[in-house]
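Here the chain labels run A, B, C and D in written order, and each chain numbers its own residues starting at 1.
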C-alpha cells in the first residue's frame, strides 16, 4: 500500500489494482492534461491536472465503497474505473471535446480500446478484472457505474471541491464526506438516504454557482474558442483526430507554436492576449434557430460576419441548450427514492437561472471588435439592444487577469 | 485597479505599474514555468507556477510597503521589482540554474537586459521608473532591495506558504501577516521589531522542515538530475544557453521529446519512470574532497562508475555545501537589531541538522542500480556501510508516487 | 493601534474609538454570551462568542468603509456601531429574545441607554461621537446604518462565515471579501455593483442552507425551548426582565442551577439530556390559525396536551411565519439598482423552500413523548399522517450528539 | 453508529463503548470546561472545550488503532480511555491543577473513582470492560497506555492542531495524519517508523513554538495567577478541594461572583481588567533558590513585597523548572528504536530555548505596579537590570486584547 499526499484530500491510500494502474502510461499521461483547460487565464492558480483529480475520484470511490460495504472484485472494478475514468480525455480536456467529436465521432479517445490493450489491460488482467466491464463502469453502466458516472457520482464531488480549492472561489465547497456517507442503493439505483434533500440541493447549487464564475467565465470561453479554432487549423493542415486526442497539453501547445498557421494563436494564448467580445447575447435576444445550427453553418456565419466587418478573424461561440443532469438525483423521502426535481422547488428555479445565464458570444481581435459586433448583430438577427456590443474600453488593458 | 483571485492570498489588488507590467510577455511567460520543477512527481498537486508566485510576492511587498509607510515612486519601484523578480528564470526554474550557469556564466537570463528593453522597459518608463534601479532591487541592492531579496524578503514568505498549500505539507505555513507587520528599518537595514525572535525562528524552522520533505525530496532530486543531464545533451547537440534560458517548460519538454538523443529521457520524466538510487550517502560518509569537484570531474566520475558497473547511464548528484542564509535575519532585542544567529540557540542546531540532511546520490536505471551502487562506493571512496546501496526492492513499483 | 488574532479573519487591527470601546464592560461582557446559544448541543465546536463576532463585524465594516472611501467622524461612528451592535443582547442571545420581549417590551437591552451612559458614553464622547447617532446606526438608520444592519450588512457576512467555521458546516462560506469590494451607494442606498446578481444570490443561498442544518436544527430548537420555559419559571419566581437581559450566559446558568424550580432543567441542558419530539409537523399539516396564537394561548394548549397525555411537562414550539429579508438586496443591473427578488428566479424558490422547511414541534421527556405526540395531534388539530409522531426509538441514546 | 461534526477533524464516527460513554454526566460535563482556561483573554476565539478535544483524542486513537491493527476488547478499552482521559479535570483545566493538588494531594479528580462508579462504570461493564484497566490506560500504563498518555500520544496531536485552529496561531499545525500512520510497536513500546526523525522533530517544534505565544503568553499567565489566588480565597472561605475539582467553569465563576471576598477578582477576570507585570525576569536573572520555594514561602514573599510597596495585592508567579517530555519520543533509525534526544540535534537546542523562555513574574494592579516591581526586585534578589520592571505605559489601555 502506498500513500500519496493530495492538496484536497490530504493522504490518499493506494493499494491493489489502483496501485498498479498508477504506473501505466495512460494514467501518468493525465499529469499533463490540465483539469480546467483555459480557466487558468482567469484564475492563475487553476493549474491542477486530471491526474490529481483522478486520484481524488479514486479516493472518494474507495470511501463510498467502504460505506456501502462493497468488497472484493466488484469493488476493485469500481476503483479501477474511478482511477481510469478520464484516460480518454484529449489535450485541454473538455475544451476540445467538440473538435475531437467532429473528426472522430467520439468525444474522447476510445476508452474500451485504451483499457483492452497495453499496460492497462495487463494490470487489469493481473488482478483478474475484465477490461470490458471496467470500461462499462467508466461509461456509467449498471448500479455501480452510477457511482463513477451518474447524477451522484464521486467525479462531480471531487471536481467541485478541487476546482474551488484551486481557483479560490468558495462556491464549490460541498460536504463530500457527508454525501458519501449518505449514499444508499435503493431499488437497484444509487440514492441519498432520508434527510438529505438539502444535501442533494447543495450539490446542484454548487454547480449552479460555479458555472458562470468559473466553468463558463467569458474569458475562459474566449480562450477556449480561440484554442478550438487554432486546433481546427492544425487538423485542416494534416493532423488526424486520432493523433490529436492522444496528445497532452504540452504536445498540442508545441504543435501550435511550431506551425506557421497557428503560431500567432499560440502566442496569444500563451501571453493572454485574447480576442474580445463584440457580442454577448442572452437567450431571449437570440433567434431560437441559431441554437440548432451545425458547425459548418457556424463557420459560414463567421465568414459572413467577418466580411461585413472587413475583419480577418471572427469567432462565433454558440453553447448548447442548457441542461441540468443533477436534477434527477434520487433522495429517499417518506421511505421511497424520489427524483430531486419532483421534490425540490429549487430545481426548477435553477433550470431557469441556467437559461438566464446562457450567452452567445462573438469574439474578434480588440482592434476590430466593435465593427465585428455590429456586423454580427445583423448577420445573426440578434436583438440589438440586448446583445452587449463590445467590452473593449479604450485604454483598458486587454489581457489583464480578471475574474468578474 | 484590478483584482485577481489567488488560491493563497485570496484577492490581490493590482494597480499602477504592476497592472501594466502584468500584460508584458516576460511576466505572462511565467505562467508556463512551474514553481517547483520536478517536485510534482512527488506531490501531484504541486503544479503552481512562477506567475502566481510572482503575484503573491507583489502582494506581500505591497502590504509591507503600506506597513512601512513607504509611498510614491520609491514604492512603485519595489512593487515592480517584486512582480518582476523571477522573469529571468529559465524553464523548470531552479532545476536548471546550474546547467544555464555553466553555459552562460549566469544562473538566470539577463535581468538587466530584460528590464531595459521591450515591453517591460516601455511600461517602466511610462511610469517614470528607471529600469536599472528596478533591476538593482531585484538583485537585493539597497535598503528596499532587502525586501525583495534578502534574509527577510517577501519572496521567501510567499513561497513557503504557497508550496505548503500546493504540496499539502503543513510545515511551510508561516504567519506571513505577522512577519510583514513587524518589519522595521533599523540603521538602514530591514529587521523584525522587538518581541519577534520567535517569529524569525519560525521562518527558519519552516525552511528547515520543508527542505528534506519537499525541496530536496530524493525523488524530486532524481528527476531533476535526469532533467539536467537530458538538457545538457540538448546543449551538446546545438541548443545555446541563451536559447535555453528563454524557453518555458513546454518548449523544453517539446524539445526533449523531439530530439532523438533525449526522447527516452522525456518519456521517463513524463511517465515518472525514474532512475533509482544506487547510493545515498551522508556527509560523514563522503570524502571531503568530493564536495569541491567541478562538473567536468563529475562527468568523468560518472563515466568511471558506469564502466565499473557495465552500465550505460549513471548520474552522480553532489549538492553544494549546506548553507543557511536566513540565519542573519535581524531582530530587535533590547533596543538594537541583532543577527538571529547571535540571538537564537536554534540557528546553530539547524545548521547541524542541515549538515545531517545532506545527501550525495548516485542514480541509474532500476535494472543496473545495484551494480552501479557497488561500483560508485569504490570509485568515490565512500564509507561502504554508511552509503545506502540501492532502494530498488524487487517487486516494488518503480514509478509510484511516494512522499516518504 | 492594536492587532488581535481572530480565527476567521486572522489579524484584526483595532484603532481609534474601537480600541477604547473594546475595554468597556458592555463590550467585554460579550465574551460571555455565546454566538449560537444551544447550537453547541448539536455541533460541539460551536462555542464562539458574540465578542469575537463583534470584532469580526467591526473588521468587515472597517474594510467596507475603506472600499467606499468613507473617512473621518462618519466612519468612526460606523466602526463604533459595528463593534457595539450586539451589546444589547441578553444571555443566550437570540434564544431568549422572545422571553425578554414579553417581559420588557423589547427584544434586547435598551441600546440607546447602554450607549448614553457609563464607560461607553464616555469613550464615544471622548472621540467626539454622539451616542444617539451611533445607536441610530445600530438600529439601521440612514444610508450607513444599512451597512451595520440591513439586507447587505457586514453582520450577516461575518456570522455566516464564522458559524460555518465553528460548526464545520461548509454551506455558510460566502466570499465576504468580494461582497465588500462590490458595495456601492446608489441613490442613497447600499447596493452591489453590476455583475453581482450571483454574489447576492450566494448570500441568500448560504442562509437558506444553514437554516435547517444549523440555526433551526431540531435538537437546538428543543434545547432552546427548554431554556425558554426554564427561564420563564425564573421570571415567574421573581427575576425581572431587566435583570435577565443584563445577565451573561454564566449568570443565567448559575441562576437556573441554584433555583429549585429550574435545577432539573439546568441539569438536562448541561448534560444534554433533552426532551424528544412527539410532533414535528409541516406547514401544510398545521391549521393556519395556530400560527397566530399568542404566548398565553400556547401555554394553555400545552396544558391541554399535558392533561390529555397525563404528562407533567410539555412544550409547544411554534415558529413565526417564514420571512426572508435578504430578498430585497439591491444589485445594479443595466445601470439601475434593482431589488434581488425582481431580478432572481431563485428568490421565489427559496421562499417556497423556507415554507417547506417550517416545522411545528411538540416536545416532552422521552418516557411520555409518544402519548404526548398523540394527544397533541388531537388538541392542535394537526394532520395525523403528516405530523411525525415521536422520534424516540427504543434503545437509542437520547442525548447523543447528532447533526442529522 | 453516530457521526459528529467537528471543526477540526470534520466527521467523527462514534460507536460501541464510546457512543454509550458520550451520554454519561462526567463526559458531558467537559462541555463546560474550556480547553485553554484564561487563554481566551489573549486569543478571543479560543473558546473550545475539553469535550470537543476529548472527541478528537478518541477519533485519533480510533484511527491509530486501525493503523496498528488492534481490534476487539483491547481496542475498546483504548477508545474508552481516550474519550475519558480528561474527565478528572477541574474547572479551568490545567490552570487550577496546582491549587487542587495542594488541597487534595492530586492534580485532578480521582479518575479511578470516577470510572469505577455511576454511569461510567455501568457503561464500561455493559461492554465487558474493566474500569480499573481503563483507568490504567488513562494514566499511561502499558504499551497501549502510551497511545493515550505518553511522548507520542494522540492527546498531544489533537491539542496542538485544535489550539492552533482556535487561536489562529499556525505554529501548532502538525501532520497528525502522518504521525498516526507511522506509529509502530517496537520492543513493546510505541515508536515512529523509519524515516520519521523529522516528523518527531516537528511535534517538538510545534510545542516549542506554541509555548511562549499561546500556552505561556504573559497575559494568560497573569489571568491564571489571579484566578488561582481568587480560588484559594474561596477555599480559605470553606470550599473543599473535592468540591472545587468537581465544579465546571460556570460553577466556579458563579461562586467567585457570589462571594464577597472574590467578587472583585471575578469582575476583573470577566472584564479583562487584569493586573500588570511589575517584574518579568529571566532564569539567569533569578536566584537559583527561588525555583525551589514552596507555596507557603511564595505567599510570604508576596506579603513582603506588598509591605515594601505599600500595596494590597501582589502575585508572585514562579513556574516550575523547564522540562521537555517529548524528547524521549522513539523513532526507528537504522532498524532500532532510538530516543529522539539521542538522534536529533534540535532537542538540545529546544531545551536551551525553553530555559531562555522561562520567566518569573510579579503582578499587581496597574496603579501600584511600579512600586511593586521595585520592591520585588529587592525582596527576591533579582538582577535589577535584567528584570523588566513594569509594562504599564501611561495612557495605554490596560485591558486591551493583545497577542504580542
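Brief remarks follow.
We take it that a residue touches a chain if its C-beta (ideal position, glycine included) is under 8 Å from a C-beta of that chain, and two chains touch if they have at least 3 such contacts.
A quick note: this is a predicted structure, and the numbers were derived from the prediction, not measured.
Using the mean of the Cα atoms as each chain's centre, the chain most removed from chain C is B.
Pairs A-B and A-C differ in how many C-beta pairs touch across them, and the larger number is found at A-B.
In terms of their C-alpha centroids, the spacing between chain B and chain C amounts to 50 Å.
One finds 40 Å separating the Cα centroids of chain A and chain C.
One inter-chain figure worth recording: chain A and chain B are separated by 33 Å, centre to centre, where each centre is the mean of the chain's CA atoms. For chain A, residues touching at least two other chains, in rising order: 3, 10, 169. In the complex of the two chains, the chain A residues touching chain D come out as 3, 10-11, 177-178, 181.
Across the interface of their complex, chain A is touched by residues 2-8, 10, 14, 19-20, 22-23, 25, 28-29, 31-32, 40, 43-45, 47-49, 51-52, 55, 165-169, 248-251, 253-254, 257-258, 270-273, 397-403 of chain B. Within the complex, the chain B residues that touch chain D are 169-171, 173-175, 195, 198, 201-202, 205, 209, 212-213, 344-346, 348-350, 352-353, 356, 404.
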